[in-house]
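Going by the order they are written in, the chains are A, B, C and D; count residues from 1 in each one.
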């Protein structure tokens, strides 16, 4: 466990979609200011874990503590209001909103969010495409930047990022990696779901591996190089 | 006298103006339907019944409480909106996860109940409702006599339609709505109480129907069956405009009013069928309506 | 292996159950008028049950809600009525003609509407039906709001006089059973299986190379034909064909019947039609409360038992 | 035909037996079924009011006849109406079906009653087909029909100077017939028809049609429609200042409940033909006030008054011959003139038409009206002989054979 105070603590989390039981008791914790990644194969339950934290699954049990308070029974909007922001895998850019409207959509939930100028600084591409165009006219990379950018304004300190690099060109992946590092420097706590292990390895302080809906292993940044072999096996790389 | 296609020009202009007046009612009603479909994914069959209720609330206020037209213009939509909120909270909200046919069927049942109850208590002949003093009489426009009240109908409904459009397209609240139409779950995860927003949206949209009802009370007879036939036409308009398209519903509402007006001049018998013909043609050529876009 | 056996056994069991049910149903149909049930009422019930079954073929098995089935029902009635009364054709031929015309209309409607889904499909069928309604209002042969009245019941091949209630009853029962059998066969044929496949996952069926649109149009045509058959029979039973039969309220009523009985079940529409027709009959003295009661049933149905009476029973039995 | 013969035979038998046995009324009770619209367009002009009127007639009749009243809503659906009628007759032993507005339903019921030798008196239906092609020996048409309405209004209005007409016609058979009949009468009396416009059934907005009527310059705008169409047209004509502009509105089918719904402000000046007005004589006032006590102060329409009058006449005839066979009673009814608050020297003709005086009335201005429901000035009385289709024009088989 990290030495920093836990901002998020998940214990014995179970989650269901309709009749199907997806998570079977997930346990992990994220410390204040950390970047933590959830690794695992396709269908292992990584995305479901993020969605369960946000309250976006059919049913869930167990304990999710945010800054010491139990949030497992709250509705998604109440969870968001506590300062947790979610960036979904499919990015969720709204076609009927312009780029700027997309950026300005999430309401400010707590003081201390990034000013819009700073977000444009972080993602200069967005500034150029700001006016006129509908959000879905953007390229995949730009959409991803928009999806991350818009949750920085709200003042949420804990960001849940679901596969930010999926399907993007290497140069864009690098750019996003740089932004995430910058966000950590700015004091954001980030829980990252990744398939791209190499991307995650360079960014995250710690890693959890999920398989069949349970956490099967964890690695610190330092462990990684030594235990590369077993990790590769776990992830089926 | 100048004629256009064999019809005296003044008569033609008169018909167009009248078409516009009807279009104004259509626009108000179809706007509400479009908003409800867009945000809640429900085809609100009860819209006609709620429109009728708006007219009846106005009549009731006047007859039993002595409250006149102008206060009723505000009160009737509020009352109808409140009823809508109750309907949404207690019934509709349970159906969102299901096929939208269920919403259609539920509201169809509600329409039967509401209309049945009103027929039971008030009969079908209808109740009189006079236009307010200030709007009696009319203007001679040269080509036709325009009753002042009808002029007011156009103005009021255009203001409300345009206001609603601005609200939805140009404000933050509207952005939430539009976003919630696409991905309600994500919008909720941004910290917005989407269920509450849906409730209020339904309340607002049926309040629009109530507004149309009180606006219509002095023009048509206030009768429990006044919404029954109208609702089918308004459905057609929303479909032509493209389900869920706000601008589409307003423009199509006005447009259909004009087309009906013209049909009444050239081929009166067909005037109530023409909207269905247009609808069939539009759906064949553009399956998602004139302003609609495909949705999954 | 054992699972397969179980499956087979339960399927065999289900088949046996449905045979037993069918036998009971048949027995009821044969005996009903003899034990004092009112034949005219029963005939009406069967006409609407057939109507609902035909409608259910679209809603329950193809997953398309048609809000315009009244057009086929009413047209079937008008054609049969006009043919028998004015052209003097025999009753059987008249009913056949009604069904055929409705079927042709179904083909045309289907070809126009079939690209649409969900609400759009409901709306375009409604639009087309409204056009038919206005046609019927205008066309001279329908006699406007008077309707076609005094349609003679005639005879079957000159042998059986259908003015006799009981004879008429068994004639209608035969038509109903024939229609019901067609629905049953359609559902339990490879064609029916394909329809179910389309309902479950249309994209997959397309990728498997099925001409999905053609299947849907065919289903729609069968449904329309049987609906026309029901309407034509009703016209002969009541000796009238009127605008009520083509009005969109009629389209709404058949949805209610199917929903309350259980869409996508074989017997659901029959039960639903039974409930609604009985209610209409016994609530007739209550005036406008009929509408209120029907609306309430609609609402309760949608909110609490969406599977309908039969669907709910089947679910409990499982 | 076979059935009719059977019925005749039965009647003959019954006739023979009357001398011996006392009560030949089947099951000892006369059952009257009031079948009308209780939830739709015609619920106010018939509906519960007709049931009340029938009940009053039974109470007023007194006597030692046992009478029972049933009622049902036919929902304006012919199949519902005819199945209720069948069931009443087959299962409940109903002897008389009364009222039945909506032409299609009345025609369907006619079929059933004539097949089963049950008496049928229509007060609410308008179509003349009931006493022409579709007539029956068991049937009486009591209150009005399209012919009476069009003749009454057409002739009287032309005589009063309204000699150029424009028709606003509901585009279906009823409207067409009303228009054609009126047009003929108008032209026969020296008037002319300058134009007409056909509007779809259940139109909500009449302004375009009214505009055409207005620009035609006709003195009279004839409304050949019914129910909501008529009231909406009148209401909108008022807002377009048509009556103030010097044109006269004539409703070819209008009821006092329509006027009540419109209010005098809007309806004033309207002319229409009616078979009954409550405030016409002492007798009619007396009845109407009793009726009003049971109906929250509502005054009877001509349909309600007709139901009372018809039931009373039926009971008298049934008691007289002590029989409840449909044709038998109707035959008896035809032999006795009708004399009550509704009709003076009314007569039921061979084709089943009850002929009586009709009245051309004009709706009062709000200033003229002195009490609730004080709505009409009677302009003219149309004598029974002129008001209805002449018997020699009837295509009824009872007349032509």
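The rule is simple: a residue touches a chain if its C-beta (ideal position, glycine included) is under 8 Å from a C-beta of that chain, and two chains touch if they have at least 3 such contacts.
For each chain, UniProt lists the protein as follows: A = Branched-chain amino acid transport ATP-binding protein LivF; C = Branched-chain amino acid transport system permease protein LivM.
Small disclaimer: the values here were computed from a predicted structure and weren't measured.
Note on connectivity: the fewest steps through touching chains from chain A to chain D is 2.
Greatest centre-to-centre distance from chain D is found for A, with centres as Cα means.
Among the chains, the centre nearest to the mean of all shown protein C-alpha atoms is found for B. By count of C-beta pairs in contact, C-D exceeds the other of the chain pairs A-B and C-D. Each chain gets one centre point, the mean of its Cα atoms, and the points for chain A and chain B are 44 Å apart.
Averaging C-alpha coordinates per chain places the centre of chain A 54 Å away from that of chain C.
Centre-to-centre separation of chain B and chain D, using mean CA positions: 37 Å. Across the assembly, chain B contributes 116, 119-120, 269-270, 272-273 as residues in contact with two or more other chains.
For chain C, residues touching at least two other chains, in rising order: 134, 138, 287-288, 290-291. Shown here, the protein chains touch in an arrangement that is not a line, ring, star or fully connected set.
All chain pairs in contact, by the document's touch criterion: A-B, B-C, B-D, C-D.
Within the complex formed with chain A, the chain B residues making contact are 172, 175-176, 178-179, 181-183, 185-194.
In the complex of the two chains, the chain A residues touching chain B come out as 54-56, 75-77, 79-81, 85-86, 88, 92, 94-97, 101, 104-107, 109, 151, 154.
Across the complex, chain B is touched by residues 39-45, 47, 171, 197-200, 202-205, 207-209, 211-212, 214-215, 228, 231-232, 235-236, 239-241, 245, 257-258, 260-263, 265-266 of chain D.
Those residues of chain C lying in contact with chain D across their complex are 38, 40-41, 44, 134, 137-138, 143-147, 149-150, 234, 238-240, 242-245, 280-281, 284-288, 290-291. On the side of chain B, the complex with chain C involves touching residues 37, 43, 91, 94-95, 98-102, 104-106, 108-117, 119-120, 232, 235-236, 239, 243, 269-270, 272-273, 276-277, 279-280, 283-284, 287-288.
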